[in-house]
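Some structures are shown below for you to check.
Paired with chain B in one complex and with chain C in the other, chain A is shared by the two complexes that follow.
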Partner chain A sequence: MSSMAMMMLPKVLTGPEELSVEGPAVICSFNVFGLTINFTETVVLEWIVMAIILGVSIFLTRNLKVKAVSKRQVIAEMAVEAITNLVRDTMGKRWLWFTPYIATVFCFSIFGSLISLLGVRAVTSDFSVPLTWAAITFILITWTKIRYGGVRGYLKGFADPIPVMLPINILSEVATPTAMALRHFGNIAGGSIIMGLVYYGLASASRMLHMHGAWLTVGIPAVLSLYFDLFSDFMQAFIFIMLTMVFISNAGPAEDEAA
Partner chain B sequence: MKLGFFYIDLGTILFTLCNTLILFLGLKHFLFKPVQKILTERQAAVDQTLQDAEDARSRAEAAETEYTEKLAVAKEESAAMLRNATRKAQQRSDEIVAQAKAEAAGILQQNRDELDRERRRAESELRSEVSGLAVLVAEKVVEREINQADHVRLIDEFIDSVGDVQ
Partner chain C sequence: MDMGEAIILAGSAIGAGLAMIAGIGPGIGEGYAVGKACEAIARQPEASGAVTRTMFVGCAVAESTGIYGLIIALLLIFLKPFT
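Up next, the complex of A and B:
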């Protein structure tokens, strides 16, 4: 009887009846020079996140004034100054031009993770996304090393301090972006799996207790979500930009030498 | 169709790369550029205000120095004028006193001269009267006319001798 009543309830009230761990849905695919280019759910969500970030930016920077500033402008100025100071303190003055990129990755990462609160997949739980950002970081590290040390200096660095270290140095060079991408992906994806398990478990428990609807999933997961969604999302974004800044600025000489 | 949970997808990487670039340019253009422009403008305004204040202060200091100097000069001038005036007044008063003294001395002298003249006139009157009287007395005594002129001479000689004795 109770199972009959449950069948009539909309799915949002009954909670998940099965747990699936899958990647993003492919909306369509192209074949370019023999390569399959997938256009996935992740990219659509990225556009939504970008629209939100740019919309907020445009809203905050509307009608800026030198004097008698509005609350919106104060927020915009504080945000810009905070990220600028972070870059200055972490990387040094000569990397200040790098600030908008750090802000981009930070905003993209945090909003891309937080979008999971709307019930969709987090952008960052698609391994390709943090991998792309880690690849950009890797390219910038290599570019900085070549810029300040020359190609010879860069290649010599692999045989440092003794040529035997060559394989280990190559490994550590590749490990940097890989670890960054895996850490970010793992935390967000792991968090979403844990939250999925919690919802699934609580929905199952509700069914076992013959509740009319998955009422156990109300309130209880929110406490865990504070950590696995809000805190973890913020931490991963912050860790990612900190590592990016530290690795890139360490690839160049110290501040006073470069001056 | 869904991709694997842990899967590296070339399409997603390329799209994400483009999206990151677009977001970077967007944030730079819509957030950083306007805010930094405003911050720079505000910094310039603050610098300008500080510069103006500094200018005003240095101008005030210059004016103060100038006024202090002018005041000192004026004080010096007034002191000099006072000294000058005092000296002139002293001089003038000295002159007046001297003039008054001279005048007084002149008047005194004049009076003395007058007195002298009066005395002499009285003397000569007295002398002529005495001589006339003496002639009269002698006429009475001698009961005869004597040569008036001779007698006047004689009596005058007498009086002079008496005056000398006296």
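Up next, the complex of A and C:
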């Protein structure tokens, strides 16, 4: 039980020695007109995620045929059909042109969260990423309200039903995207912190049991990882697109009024 | 570590624990919602798709307060804004 044997083992086998929770690493930062713009780890990972999504899409949609379809094409058709049906059921037929945006956010969210399985930071555990998507949703909600009600109708909506409600209406308008972003970020970041604690605890426990290397971290965290990494990632992506669709379609008039 | 810092650290830790009391509300609320959804599906199995979707969105909204508590707790533990 010499300390030499412990030192011989590589870092991966001895497990984490200390727990640290930090924001994404800043690779370099620029100074543009007095504003400091940080080029972070997240940006690099986002481009990797985009490359993965692009690669998968190109792979799945090569050689599309009408007859004698390949397995690849069946998978692609299933995915497109599923998301189209979801949009049709949630938003109604006239919002069907929205499908590509919803599918994009869903893919980006789920791949961005699942990239943490490769041992890097999840893209979505950086608050700026879900905040950006929520800001897009906010812009789309506002645009929809103006499109169907005009600028006057949009401004009048704030004094609805009585003018005293003005501050509450403004607050609820701002709270919508904030809550969406915080929910996505909180779930993914919280899950990764809990997984970090589990790994740290198990590594400490195996050090206390005088094991050579953190053997307790093999297999046991996989059960929790199933929930915190796979289920939670999928669920948050789904909830994010569901809320986006519900809020945007609610901003317009109901289906039968629109004609 | 001087006395002041120690008090702040202890206060942050206690505050983080208190912030997570916010988890009770969403727990009860979501459990109630899921129970009702189960009843609805049992009564009308053909509507299970719509019921499940609505339930998930409702659960997500009900969860926000718990997530706010979690974020405050994380801030207090890891960022230590008062030290």
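A few points about this structure:
As a convention for this text, the second predicted complex is superposed on the first by the 257 of 259 C-alpha atoms of A that agree within 3 Å, B and C clash if a C-alpha of one lies under 4 Å from a C-alpha of the other, contacts with A are read in each partner's own complex, and residues count from 1 in each chain.
Note that a contact is a pair of C-beta atoms (placed from the backbone, for glycine too) under 8 Å apart; a residue touches a chain by one contact, two chains touch by 3 or more.
From a predicted model like this one, the values you see are computed outputs, not experimental measurements.
When both complexes are overlaid on chain A, the residue A:Ala189 reaches chain B and chain C alike. Put chain B and chain C next to each other and count what each touches on chain A; the higher total goes to B. Of the two partner chains placed by the overlay, only chain B lies in contact with A:Thr36; chain C stays clear of it. In the superposed pair of complexes, A:Val21 makes contact with chain B and with chain C alike.
When the shared chain is aligned, no partner comes close enough to touch A:Ile52: not chain B, not chain C. Of the two partner chains, chain C is the only one that A:Phe238 touches; chain B does not reach it. By the touch criterion defined above, A:Asp89 lies against chain C but remains apart from chain B after alignment on the C-alpha atoms of chain A. In the superposition on the C-alpha atoms of chain A, the part of chain A touched by chain B in one complex and by chain C in the other spans residues 21, 185, 189. On the chain A side of its complex with chain C, the touching residues are 21, 89-90, 179, 182-183, 185-187, 189-190, 193, 235, 238-239, 242-243, 246. By the touch criterion given at the top, residues 49-50, 53, 56-57, 60-61, 63-64, 67-68, 70-71, 74, 78 of chain C touch chain A in their complex. The residues of chain B lying in touch with chain A in their complex are 1-17, 19-20, 22-24, 26-28, 30-32, 34-39, 41-42, 45.
Per the touch definition, chain A reaches chain B in the complex via residues 21-26, 29-30, 35-40, 42-43, 46-47, 50, 53-54, 57-58, 60-61, 64-67, 73, 76-77, 79-81, 99-101, 103-105, 107-108, 126-129, 131-133, 135-136, 185, 189.
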